[in-house]
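Below are the structure tokens for one structure; questions will follow.
Per-chain numbering from 1; labels A, B, C, D and E assigned in written order.
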Amino acid sequence: MLGYLFYILSGLTILTAIMMIAARNPVHSVLYLIATFFMVSGQYLLMNAQFLFVVNIIVYAGAIMVLFLFVLMLLNLNKETEPQKSMKTKLAGVIAGGLLLITLLGALIKGNVSSENLPITDIGLVKNLGRVLFTDFVVPFEISSVLFLSAMVGAILVGKRHNGETEVISE
Amino acid sequence: MVLIIIPFIAALLALVFKDKLAKIVALTASVAQLIVNFIFLSGFDVKNSAIQYTSSYEWFSALGLNFSTGIDGIAMVMLLLTNIACVLIILSAWDNKYPGMTKFLSFVLIMQGALNGVFLSTNGLMFYIFWELALIPIYFIVGIWGGENRIKITFKFFIYTFFGSLLMLLALIFVYLHTPGNHSFEWSEMVKADINGWESTLVLWAFFIAFAIKMPVFPFHTWQADTYTVAPAQGTMLLSGIMLKMGIFGMIRWMWPMAKNACGCNYNIFIILAVVGIIYAAIIAIQQNDIKRVIAWSSVSHVGLIAAGIMTWNKEGLQGGILQSFNHGINVIGLFFVAEIIERRIKTRDLTQMGGLAKYGRGFAFLFMIIMLGSVAVPFTNGFTGEFLLLNATFNYQIIIGIVSGLTIIFCAVYMLRVYQLAMYGPEKDNGGRIGKLSWSEYLTLGIIVVLVIAVGVFPNLILNISDTSVNNLISLMKGGAIQ
Amino acid sequence: MGNYIALAIFTPLLGFVVSGLLGRFMSKNITGIISSTSVLVSFVCSIILFNHLSNGGDSVKLDLYNWISAGNISIDFSFLADRLSVWMMLIITGVGFLIHIYSIGYMHHDEGFYKFFAYLNLFIFSMLTLVLGSNYVIMFFGWEGVGMCSYLLIGFWYTNKEYGYAARKAFIMNRIGDLGLLIGIFVLFNTFGTTDYQTIFSGAASANKGTVELICILLFVGAIGKSAQIPLFTWLPDAMAGPTPVSALIHAATMVTAGIYLVARSSVLFVSSELASTIVLVVGLVTAVVAATIAIKQNDIKKVLAYSTVSQLGYMFVALGVGAYSTALFHVTTHAFFKALLFLGSGSVIHAMSGEQDIRFMGGLRKKLKITHITFLLGTLAIAGVPPLAGFFSKDEILAKAYYGNGIVVFVLLALTSVITAIYMFRLYFLTFHGEFRGTEEQKNHLHESPATMTIPLVLLAVLSCIGGFLGLSSLFSHHHFVDEFLGKVLTNAHIPHPSEIFEIAVLIISVVLLAIIILATRRYYISNKNIPISIEDETGVERILSHKYYFDEIYNTVILKPIEWLSRFAHDFMDRKFIDGIVNISGKGVTVCGKYLRQLQSGNVEYYLLAMVVGVITFLVIYQLV
Amino acid sequence: MKTLILLFISGIFSLFGGIFGLKKILPLFATIALATALGYLFYDSYYGPENLRNMLIFDNYSTFLIAIAICSTILITIMSVKGFSYTDESFGDIIGLMFFVLCGVVCMVSFNNMVMLFLGIEILSIPLYVMVGSNRNNLKSNEASLKYFIMGAFATGFLLFGIALIYGATRTFDLDAIRSLSATALESNPAMISIGLLFVTIAFAFKIAAVPFHYWSPDVYQGSPTLVTAFMATVVKTAGLGAFMKFIIYLSPMLSSDWYLILAIMSAATMLFANMVAVMQDDFKRMMAYSSISHVGYVLMALLTVNKDTPSIVGFYLVVYSLATIGIFACLLIINPNHNKDNSLSIFNGLGKRSPFLALILTVCLLSLSGIPPFPGFFAKYSIFKQAISEHLWLVVIAICSSAISIYYYFRAITAMYFNKVEAEESTELTEKNYAGYLVITLSLIGLIVLAIFPGIIGL
Amino acid sequence: MGVLIRRNGIVLLMCVELMLNAVNLLFTAFSTYFQDSAGQIFVFFIMVVAAAEVAVGLAILVMIYRNTKSVDISLLDKLKH
């Protein structure tokens, strides 16, 4: 039962992901991406990673995607404004990506990842994760505050409208 | 040690002063340098084959780099040449009015220090460092005060020679890694390096190309004529008078002992190249119209002979090569200075624009004549003994090679006499150029050169004795004897 | 005795230094006297040495110091005065002294007076070094030194471009010979381990035959250059560009005989090498004939004498070739006398004619230049071989030796040359001194006899030309051959039978008759019939070839000079610029071109960068998996 | 640890300083803060290595690298008095970001856990994206920022993928554990671990801009404000190479010969490509970008042979390289303080006349970079050659060829300074006196001279 | 792959997010498989970073848009060669 669910979810993940790439309209892309995230969250759930399931939905589907949509709307890009890439570049991109996939697969297949069923565990529960996070991984946790702070400052620094001179040097 | 430091300090000092004073400082420094050199010479035991006046300080021990200096007979000759030549060169610049004279002089002094360093160092890496260091001032001298098209030419010169020295570095490191026990860059250790077979051949070739570019030996000579022509007179003198001796010195002192196990057949190739260069350059020199170019090509030709003689690796050849290095240094400085004097007066180096200069410059004509004859290797002059020994060596090595390189005495006469004749003889050209009176510095410079030309010609043993024991030592070393 | 050697050699050097450095501050006469005196001192020393030796004294050796020592090479700067050297010394200093005296008058008007004397003294010094050196290297030292002086003196009047070329030509042609000599010396080194005469000669017997042959040939190459033999003879006529005393001293009496000296010096080696001797003989013979024929058609008074010199040198080499070394030296001596006389005489003529050298514009000078005329006539008779003047005896001896030593062919050719010699000499004599004056009015008014400083040497030399022959009276007249006896002790003459008396008498009679005929015929042809030579362009056939000196210069020009010039241009413009430098530049340019194309990769487009990155990853993955 | 905290707090202070308009004293403050941090760093290291919960380990080696980074930053901070003239209001922010980047550097070079590596790289990168784009009105700066960002994000993907695969093979993020488990992991899962390693390597290669992952670097160097370029060329490079070296040294038992081969290819390609392309550049900053790429190639060569000397060799190289680079960029900033003017090589024309001192320093720095003795760059390069020659002769030959090529472009600048005639419009004197800049170049000159005379003083 | 074929900067950014998600999935899978919570912690950190990255990235895009009125990355080729 769970096995089937896994395959269905996987199929849907890949499908929505492809749709996201293929969609002309950026807004559609965003929507497809949100769908993808939900599928991925479903996978987490399948693996009993409850914490990640929740965080994924909140952070990704909730916060990040809203940010995306917000920017899209702000910049008024919800049209199919994007000029198409030339066929050649596209083809090159597809081929390169495909090749990367194939070589990776080829390389990894050599490895022997046993395909036994995943045991259901409870390490993904908030309680367990929290303990690990605040014991073993407390240092990175603290340090990630630097990251956030700098991201915040940076976003403001870059994103805020310049007062005073507005002339743009485009030379 | 002192020999290296004096010029550097003087170079800094010279920078402080204005033109005239800077000249005095520079000249004083170089004369002091020469005196120090003579003091060393007076205390030098020619019978002692070991390297004398050795001293060693740690510099960068992790790399095996020590500040090790020492003088043996071969180095002593080269040092003498360097320090005499630098006095002459600074003296010869006395009448020049280059913009930024102080800088110019300090570059010359830095160069002197670096060259002394090259000849003094008994540490492989230090040798390389000074070798490169010598390249920098000359690059600026040529680049800043050079003539037409100087940028391109100095570029080429620099990159070409730099490439060669990198190969040398490679070879040095390679030898270093093969020194016995705890690796060392000290010369006395490096000669014990155990390198055999094709590796030895590689080392040999790397060294050879580096030195051959510097000297230059055919076919690595193409930078030379242009650079000599474009450089200011003193730059050319430095280049031709002393710098190329670095290559010769390197061959004798470093290349040969380091690559001692290389197949002798390589030397065949080298000698053939050198001999081809002799004839090739001589033939080209015959038709050149730029006086500096003729001298430049003649230099290729002469150096080819020195190289060929040295690489026979017999005593006569080595001694002849060392002697001739000294002589060539003096002569070529004289010739370039003559060219400079002419250029100062009649503003051209084109031989076809000259003529009849002897009429209003008899003293000059006479001095020029002796220097020219020295270069042609007429007996009484220094060139003769050197060429005699060198030709004898090549002849003993291989009869055909001896004969072909012997052609140089004919060709040299052809092109040098041509220069002399076109410039000094014949009716006067009506472009108003006359030599007139020489200034005291010009007289002094040429005078010293002429005295040297004749003195060494009459008493070549003065030079030969200095290097005699060291050469013996080197030869016995190569034959498997122990170093003393 | 050694001190006398030093004195003899270094006084001229001192004279050179003094007159060279201080000459410009001294009056001309003082300079002249100083330098002449220095040569006189040498001459006196030579006489003392000669006296010493002829009284049975041993050879004198003077070691100065060790000159070069490197490895196996050790060369002493030392001198050896044996009979041969001293003989040469006498000629050099004796004739040299006279010519110095002569030059005081001749060069009096020249502004380079002191320079001239300095050079002359330097030359005497070098020449003495050449003949006195105790080994081949010192000899080579002098050998090059005289070449250099010759160069300086030929180009003495440097403002004339042609003279400069002549000087260069002389030096370079000499150098070609020098190379041979130098290599010869190397072979000597290789074979004997030294170049000391005494050691070599004592060891010559045990040396390898082939090597000795090689050495001899190489030494002879040197001699060819210095003594102006075919094929390197063309410089000598051109060398007449120098002042006439120079021609007399260097290019007639002394320097050019250095080649003879060299071969004679090495007589030990030459005697045992047949091939080399044959080459010497052939070269000498051909040169004698060729130069003599050329001389017939020359119109420059000095050029005639120059070709005559070449021809006479050929004569001497024939003598050397048959092994008659003392005979060659005998001819050297007499030749020095009469050829110096002739040159000085011609100098006197030129002096009188204000520099005119073309005999077509002379004539009838005998009235104005009485002393010159008489001395010149004596010289002409001497070279033509009129008995009992000097030339007769020496030539006669060479003819006899050639006949007995080699055979009839050489004899006939030599005799023919002798006849031609007489013809051109009398042609010269008659055109110059007889008939009408053909110069300009101005020259005619200017005609005058030369001053005493010039005529006294002429007279002295004329006397020597007359009596010089008695040094070596042929067996017909005396059993006392002085030259042979004096030099025979150091020269290893080949054994040649003495000529029979009938032969001697026949030669004597025939030569006298022939000479009389020639004198009359030439006088008739040139004076009575007024056959004045015409310009070269109008001549035809053989005459034309002779006038053009067998086209030697032209041939050298096309075969050697032009190709070398072409090669030089080719080597520079193509080989060096395009090819070798091209390779260097291409390797440099290659980098920039690579750079130029590679930088196109950096297209500025992010998508492309991403793509390139992925391609890089794939490449590495593939390498990773495949390798 | 204290250093890290100090840096972070100083960063926050700078931010506030910027807000409250204390711009004048900010550089001074930053310099003092950095110096204090440096002092703490040495103070801590005096008591031996400090282990922070197996996440960060401050040993001699990381102390040294952090010290290099901090010293470079000090020099750059001094320059910032005039260096960020294009922006006034965000000056404090940029200084703050610089501190944050340093925090990232600290994490990177002392990481002992993959998490820290990842976080360090990101803490380093994210402020950098911003700093590159901080000249908001300059399109080039914008473009550089975006390019850097997109490619950086893409590279992060590779890094994560690599870490994931390594995790998959070894079940741990801890470096020591990975190292001890590597033998078994290599047996059971060779493909996974090797590909994981390769991907991490690629991410590093991207960060240090090794060919063929260097594409961002010239564009970004050229587009960024000069000071940021200097910062990136020194501090960021030091961090990237330091972390990479640590990675290699720790994991060397796991690294197969194939992996070394790839590294060698990368090194060769980097040296050749960068030097060749640099020859053709007209923009000085872009040229310096290629130059710094090529130096990465040399360092990679040193990393090929891992032994006890490797850290000191690389460390020495980085010191010399950083000093010279800062000196050069400082000179550039003095000559061309206007960020919007282009930095073509011709701005150096006649500098030898206009400002001999500046020209001298620039020359010394360039010569040092090109590795000409007796400048310390030579010792650095030389020790690398010596290290590599016995095993990778071919690589050394390539290095030597590319060194010869590099002479070409370094000397183009020198040529411009001394040999080229000054054109009329360029002959303007350097009116504005930038004392801070002069201080910096003097310091770097002194540093270089000291290193030339006593190259032995730097040892780990 | 999306990164390779789209030109819209924002979509590009989304594609990067997608990539990160893929990695997240991988980590979680390994984590579950190994019974090791570290993997999931790592995913957490990735999410942290992703959020920060998106914030900065979007800010940069906005800045670009403000200056050029476009988010088409292929128009950015001022810096090249």
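Quick note on the criterion: a residue touches a chain if its C-beta (ideal position, glycine included) is under 8 Å from a C-beta of that chain, and two chains touch if they have at least 3 such contacts.
Values in this document were obtained by computation on a predicted structure and should not be read as measured data.
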| item | value |
| --- | --- |
| Shortest contact path, subunit B to subunit C, counted in steps | 1 |
| Chains touching both subunit C and subunit D, listed by label | A, B, E |
| Of all other chains, the one whose Cα centre sits farthest from subunit B | A |
| Comparison of A-C and B-D (more C-beta pairs in contact) | B-D |
| Chain whose mean Cα position lies farthest from subunit E | C |
| Distance-to-centre winner among chains (Cα means, whole assembly as reference) | B |
| Interchain centroid distance [CA atoms averaged], subunit A/subunit C, Å | 102 |
| Distance from the mean Cα position of subunit E to that of subunit A, given in whole angstrom | 7 |
| Computed distance of Cα centres, subunit E from subunit C, in Å | 96 |
| Gap in Å, rounded to a whole number, between the CA centres of subunit D and subunit A | 30 |
| Shared-contact residues (touching 2 or more other chains) in subunit B | 159 |
| Residue numbers of subunit C (touch at least two other chains) | 588, 599, 602, 604, 606-607, 610-611, 614-615, 617, 621, 624 |
| Multi-chain contact sites of subunit E, meaning residues that touch two or more partners | 3-5, 7, 13, 36, 38, 41, 45, 49, 52-53, 56, 59-61, 63, 67, 73-74, 76, 78-80 |
| Chain-to-chain touches, reported pairwise for every pair that qualifies | A-C, A-D, A-E, B-C, B-D, C-D, C-E, D-E |
| Complex contacts: residues of subunit C adjacent to subunit A | 607-608, 611, 614-615, 617-618, 621-622, 624-625 |
| Residues of subunit A touching subunit E in the complex | 17, 20-21, 26, 29-30, 33, 36-37, 40, 43-44, 47-49, 51-52, 55-56, 59-60, 63-64, 67-68, 71-72, 74-75, 77, 82-83, 85, 89-90, 92-94, 96-98, 118-119, 121, 123-124, 128-129, 132-133, 136-137, 140, 144, 147-148, 150-152, 154-156, 158-159, 161, 168, 170 |
| Residues of subunit B that touch subunit D when the two form their complex | 58-63, 65, 125, 128-130, 132-133, 135-136, 139-140, 143-144, 150-151, 154-155, 158-159, 162-163, 166-167, 169-170, 173-174, 176-177 |
| Complex interface listing, subunit E residues touching subunit D | 3, 9, 12-13, 16, 19-20, 23, 26-27, 30, 34, 36, 38-39, 41-42, 45-46, 49, 52-53, 56-57, 59-61, 63-64, 67-68, 73, 76, 78-80 |
| Subunit E residues touching subunit C - in the complex, by the definition given at the top | 3-5, 7, 73-74, 76-81 |
